[in-house]
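Inspection log for the structure reproduced underneath, given as structure tokens.
When the chains are written out, they are named A, B and C in that same order, and each has its own residue count from 1.
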Amino acid sequence: MFEAVIQEASQFRKIIDSFKDLVDAVNFDCTTKNIQVQAMDGAHVALVFLNMEAGFFDKYRCDRSVSLGVNVGTIAKVMKCASSDDQMKLQAEDDGNQLMFTFQSKSNERNSKFEINLLEIDSPEALQIPETSYSAEITFSSSEFSKLIRDMANFGDTVTIQAKKSSIQFSVGGSTGKGSIVIQETPEVETTKITIKEAIQLTFSLKYLSQFSKGSSLGETVTLKMSEDSPLLVEFPFGDDLGSLKFFLAPKIESDE
Amino acid sequence: MFEAVIQEASQFRKIIDSFKDLVDAVNFDCTTKNIQVQAMDGAHVALVFLNMEAGFFDKYRCDRSVSLGVNVGTIAKVMKCASSDDQMKLQAEDDGNQLMFTFQSKSNERNSKFEINLLEIDSPEALQIPETSYSAEITFSSSEFSKLIRDMANFGDTVTIQAKKSSIQFSVGGSTGKGSIVIQETPEVETTKITIKEAIQLTFSLKYLSQFSKGSSLGETVTLKMSEDSPLLVEFPFGDDLGSLKFFLAPKIESDE
Amino acid sequence: MFEAVIQEASQFRKIIDSFKDLVDAVNFDCTTKNIQVQAMDGAHVALVFLNMEAGFFDKYRCDRSVSLGVNVGTIAKVMKCASSDDQMKLQAEDDGNQLMFTFQSKSNERNSKFEINLLEIDSPEALQIPETSYSAEITFSSSEFSKLIRDMANFGDTVTIQAKKSSIQFSVGGSTGKGSIVIQETPEVETTKITIKEAIQLTFSLKYLSQFSKGSSLGETVTLKMSEDSPLLVEFPFGDDLGSLKFFLAPKIESDE
């Protein structure tokens, strides 16, 4: 028996909406401790890693580990049927072949149930999430991040992220001109934190970063971590020890461009 | 001479917008007591019945009964030209061939006049609006209704409405899964009223219900009434004795599906 | 050296957005006193005349007169990258071939730079802006103007503007009907001012007026000025002695219609 309850369905909806366009069918791996999803996008360039700790839910029960194979697009459709402040319950029977969603309106007037068929999905080889010690990290406003990526994408297909001294520079160039946006720590904005161990400069696809930036609805901040020869990590935390949504993206190599 | 005045043009605009996509050219049948419109959609599956009592208007005068044939899409265009709080006057001369709209801004600064040509429309045989005593009735929040229909339409083409005991269940099934939404009376939501004389279950086209749900802008509540072998009635009331907008929809028969 | 600073980037963005769809590449003619842009639309029917006085900027320096040839669409793209309350700086070196935009967020956390390549644009023969004494002038709410043009465009391709006695009438006719909107002075609306020296009636293309009406975001009011045998002037002022955005449009001649 698997059961998980969230007081506000919108929390779960925002998570699903943040990666539904990147991946198709995935396994929700449920254990006594957490629910995790690992999946690569169709082109095998980006990796999604979702981790929701048991504490993320208002009630959580998972008698034995189970992999629930689901189509993310279908879950997104179901989640659109919840009002933002509905209570939500996820349920699956042991050895059942359905995942059940129950939405309850605050006033108890409306009670909705949706069942989606579980899919048999080949578990990918356990993906190696690199446990790198990163050369550069920046935490800043997720809405600034989202706007920055949208702006850059107006001018080109790739963005170069450069960490040096105490600032992070995003730059883009195209036929019509070039632009750069520099983020630095400042006393007025306490959320912005930049840590640079060694200067580094890498180039990434804006198409993927635009996808990742949908995670900006999940919270106030985003964290970017970079190292030479490692994928960029873009992380949207859910709160202390509650889990996070992580995206990994391989840098562009010179000859790619 | 026909003349009718409404203090807020938006009231009339919302009514027109609620059925403009269902019907094309219709007769506004004006008498000393009220204005009525009866029309079937092009596929002859749904019936629109609009009734605006003289009291619905701030001023109403109709010297002798007259049928004003108009294109609903054209009226909708004219109504877009009114600001929401403009005063609106409808006028037609006896034996004239124009319907005149006058909009006056609150400050008197702007005064707009639009004239549309009247059409000769064959009056359909007086449609028989069934005066059924219904098996099941539900009155509830029109915005909940609107969202419910939109949600169901994500999953399938038809919805089954089932009245039993003291609740109404809407259910939908499709290739990706199935869902159901149950509405019941609850002390917290005083507007919700359910009356079930006998259990009943009928299936309807979501395409038409989606059209009807545009009436949700007309007021706080909607009333649904169902009986075996009768069309579903979906009614948006305008207020005590002021009239209402009604839609009728034939149930799907098993072999239809 | 040319340098100009505005405290709120959105002011400049709104100006650019108001005419970016009418013209393509234009010269920003910068002198010690002001920045001016004069350009005709592709069909040579409408004329844009932008004048920003030095006082429009919070800081302004132009050592020697210079014509900066730019693509207006590219500037519009760059301006989308500014947050509304960013401080904005425009810069160009003498004999340089770039125009540089710097946006600084209020908190200093974000600093963006965009460079666009300057273009060599043939200066049109100095356009003769007619210094007519107009027969009729109306100043009124720019949002009323914008809505009025949008409404008229629903019904036809041309609008006839008629000034007589103390009111201005806009009328339109089409196959579905005809309409007219009359604006007059009224004690409740102090911004509305109408001055008519002689009665006049002219017809204009609604396609162009729709374009011009984008200027409504620039301020509370718009001024229209008309004379027989002269282009209509539609002016959006920026404030006392700060400049304005003007559009000129030739009337339709009878045989055009």
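In this section, a contact is a pair of C-beta atoms (placed from the backbone, for glycine too) under 8 Å apart; a residue touches a chain by one contact, two chains touch by 3 or more.
Which protein is which chain? UniProt says A, B, C = DNA sliding clamp PCNA.
Note that the structure is predicted; figures quoted are calculated from it, not measured.
Novice: Select the category (line, ring, star, complete, other) that matches the graph of chains linked by touching.
Specialist: Per interface graph, the chains form a complete graph.
Novice: Counting shared numbers against all numbers at the contact of chain A and chain B, is it over half, same, or under half, different?
Specialist: different
Novice: Where the CA atoms of chain A average out and where those of chain B average out, how many Å apart are those spots?
Specialist: Comparing mean C-alpha positions, chain B is 44 Å from chain A.
Novice: Where in chain C do residues touch at least two different other chains?
Specialist: In chain C, no residue touches two or more other chains.
Novice: Going by the contact rule set out above, which residues of chain B touch chain A in the complex?
Specialist: 140, 144, 147-148, 151, 154-155, 176-186, 188-189, 192
Novice: Would you mind writing out the residues of chain A in touch with chain B in their complex?
Specialist: 71, 74, 77-78, 80-81, 83, 98, 107-117
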